[in-house]
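The block underneath contains the structure these notes are about, expressed in structure tokens.
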Amino acid sequence: MAKIGIVDTTFSRVDMGAIALSKVKENSEHEIERYTVPGIKDLPVACKILFEKHNSDIVLALGMAGPKPIDKQCSHESTLGLQTVQISEGKHILEVFVHMDEANTEKELYEITKNRTEKHVVNALELLKGKESLSKYAGMGRRQGKEDEGSIKLEK
Amino acid sequence: MAKIGIVDTTFSRVDMGAIALSKVKENSEHEIERYTVPGIKDLPVACKILFEKHNSDIVLALGMAGPKPIDKQCSHESTLGLQTVQISEGKHILEVFVHMDEANTEKELYEITKNRTEKHVVNALELLKGKESLSKYAGMGRRQGKEDEGSIKLEK
Amino acid sequence: MAKIGIVDTTFSRVDMGAIALSKVKENSEHEIERYTVPGIKDLPVACKILFEKHNSDIVLALGMAGPKPIDKQCSHESTLGLQTVQISEGKHILEVFVHMDEANTEKELYEITKNRTEKHVVNALELLKGKESLSKYAGMGRRQGKEDEGSIKLEK
Amino acid sequence: MAKIGIVDTTFSRVDMGAIALSKVKENSEHEIERYTVPGIKDLPVACKILFEKHNSDIVLALGMAGPKPIDKQCSHESTLGLQTVQISEGKHILEVFVHMDEANTEKELYEITKNRTEKHVVNALELLKGKESLSKYAGMGRRQGKEDEGSIKLEK
Amino acid sequence: MAKIGIVDTTFSRVDMGAIALSKVKENSEHEIERYTVPGIKDLPVACKILFEKHNSDIVLALGMAGPKPIDKQCSHESTLGLQTVQISEGKHILEVFVHMDEANTEKELYEITKNRTEKHVVNALELLKGKESLSKYAGMGRRQGKEDEGSIKLEK
């Protein structure tokens, strides 16, 4: 039994934390710690706190970024912080970021967000099993938030 | 009772520190430490000093960025420094940055700045209460400096 | 006898891990540790874990990046993480990244990927031999994934 | 009595170190340590050495950047290094960077450089007095290298 | 007597390591440690190893970057790594990077590379003498790889 941290934001227009929570419960018996922060740039330190103070084994960092160039800069800054936390802790953070310009309608935005969040919950559960648990899918062009692109193999 | 650090700049055209100070006092009994630096890139080390030498529990980093591309670069650099400080301290810094090209008039610039600063003071007060204090607003599309965008829910 | 870490992704459309594994076995007796992660931004912490928990002496970080600007941002973020891990460990990570817009067809993408992966396996084996093992090729315009460009020498 | 570090470059077309030295002497009795490096990217480690080996209390990092995009990249890289040093030392570095495309003539470039350098010397002297020494100028739109922009206040 | 580290790459089209080696020997009796890596992003960890395992006092990091935007990204990433190493070691790395789009012909590329490498060897020798050894050239607009731009002085 492991402990999964889930951090989400009040900025997001979709309740990504609720989606992740219910997917974890549907697929595992792992313990869950939730943390909600204002926006995407507040995620890294929350992950750090989930590892250090709440003994999480892996964290899902759930964020939505606005459609403008400055929003891409924010998600970039957050990602760099998430890299720093992962490396210093030696533990995975699965970054589930949705950019609002990925979708043309609110419905599509919701669907991308739900699909990406749920698939990364499954990835997190696999990573908890061991470093070769995902090797069966290596190089298969898997995508989160949209359809898989598949593997390219050379004909003999 | 916690201690809230407030760092502001002489570069900003709005007295963000005064706005934050009065909002903290209006909503809490927390102790306050203020620090004023020249510009946005001086904020991270000031936050570090507020945590290390003045025992702040959370810091509000208040800055204004000019309208040019080089100014976006400056705010980016400052943000990366703020990420480093937060992660090494394991404590939140709420970054309250206003870009001068967000507004068309001085009046609008003032209003965005005041709104964003005050809303982030409220976020800071919530974060001090615990990691799930903001969960009631998770995924609700909350914004600082402008109107909330609201939550997207799928019809059943 | 050294230990070579190999990290690959489920995002990649080519099974880079398999290509690397077979090239290492073809050219050496070194021990191998494999790790598969979802995407390119999950590589750095996996490298860290391969060094710290699995005693790897060098790691090959194999990733494919999509064709869009946001994908370039992701590979950039991953690279910065890989830099941090290398520097903190004092050990090389050979980054083998393929950008999907480098190729016009799936066949070409496969060939670039195979060529780059195999050549970097050879580089890794050289680096394990010592710091001057590659000096015989210094300044020779060697390329991975395409033809070498060769050395420029001044006529006397 | 404090010790002020001054780092300048041989790349700069204006002798920024000399301007800073004479301004410090004109306004204080503080001890000074000077360090000259080739270019802007050599500043961060020189600051580190001024703090660690020469016990500086604050450092002025004086640099000039060329007019091309690659030069902006260099100044960005230097700034990130300066952030890292400041945060690890818990001490301020006042970055005084001039971009050659800020001016249309050599005379103007000289004047911007002198103005910015001297104003930041004064800022450094204030910061040495304490964290609220600059609070009297908070939000006043102060600029270095050009005219102040002034404070925006709402009419009652 | 100091020890100078020299790291070069097999990617470069000019044998920068050989140029540096012969210039160091021509101008000093310092000991030299050479390290050759595949490309520009492998330089930082090699510098770290030259400092930590081979006791270098200063390192010359010699690299050539391709002409495309992705190549600029690579040199940027390498530079950030070099910053991290310098700051953690408290020792200078002189970065000698040549961008292939700086030259129009192979001959010109060779000449820029040779000039920049040799001038930075001289800079390294000066830095080894002390922190004010280059102060006589402060603000003189010195350039590596091309002609100096000279100092701007105000007429009285």
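Should a chain be cited, it is by its letter among A, B, C, D and E, assigned in written order, with residues numbered from 1 in that chain.
What we mean here is this: a residue touches a chain if its C-beta (ideal position, glycine included) is under 8 Å from a C-beta of that chain, and two chains touch if they have at least 3 such contacts.
Remember, predicted model here, so these are calculated numbers, not experimental data.
So which chains are sitting against chain D and chain E at once?
Both-contact set = empty.
When every step has to jump to a touching chain, what is the lowest number of steps that links chain C to chain D?
Minimal hop count between chain C and chain D: 2.
Between chain C and chain A, is it the same set of residue numbers doing the touching on each side, over half shared, or a different set?
Looking at both copies, the contact residues mostly diverge.
Note the rotational component of the Cα superposition from chain A to chain E, reported as an angle of 0 to 180 degrees in steps of 5.
Roughly 145 degrees of rotation.
Could you give the separation in Å between the centres of chain A and chain B, each centre being the mean of its C-alpha atoms?
So the centroids are 25 Å from each other.
How big is the gap, in whole Å, between where the Cα atoms of chain B centre and where those of chain E centre?
40
Where in chain B do residues touch two or more of the other chains?
80, 84
Can you trace the ring for me, chain A first, then chain C, and on through the rest?
Following the ring from chain A in the direction of chain C gives A, C, E, D, B.
In the complex, go through chain E and note every residue touching chain C.
8-18, 33-38, 41-42, 44-46, 48-49, 52-54, 70, 73-74, 77-78, 80-81, 84-85, 88, 106-107, 109-110
Taking the touch rule as given, give the residues of chain B at its contact with chain A in the complex, in rising order.
Residues 72, 76, 79-80, 83-84, 86-87, 90-95, 99, 120, 123, 127, 131-135, 137-144, 149-154 of chain B touch chain A in their complex.
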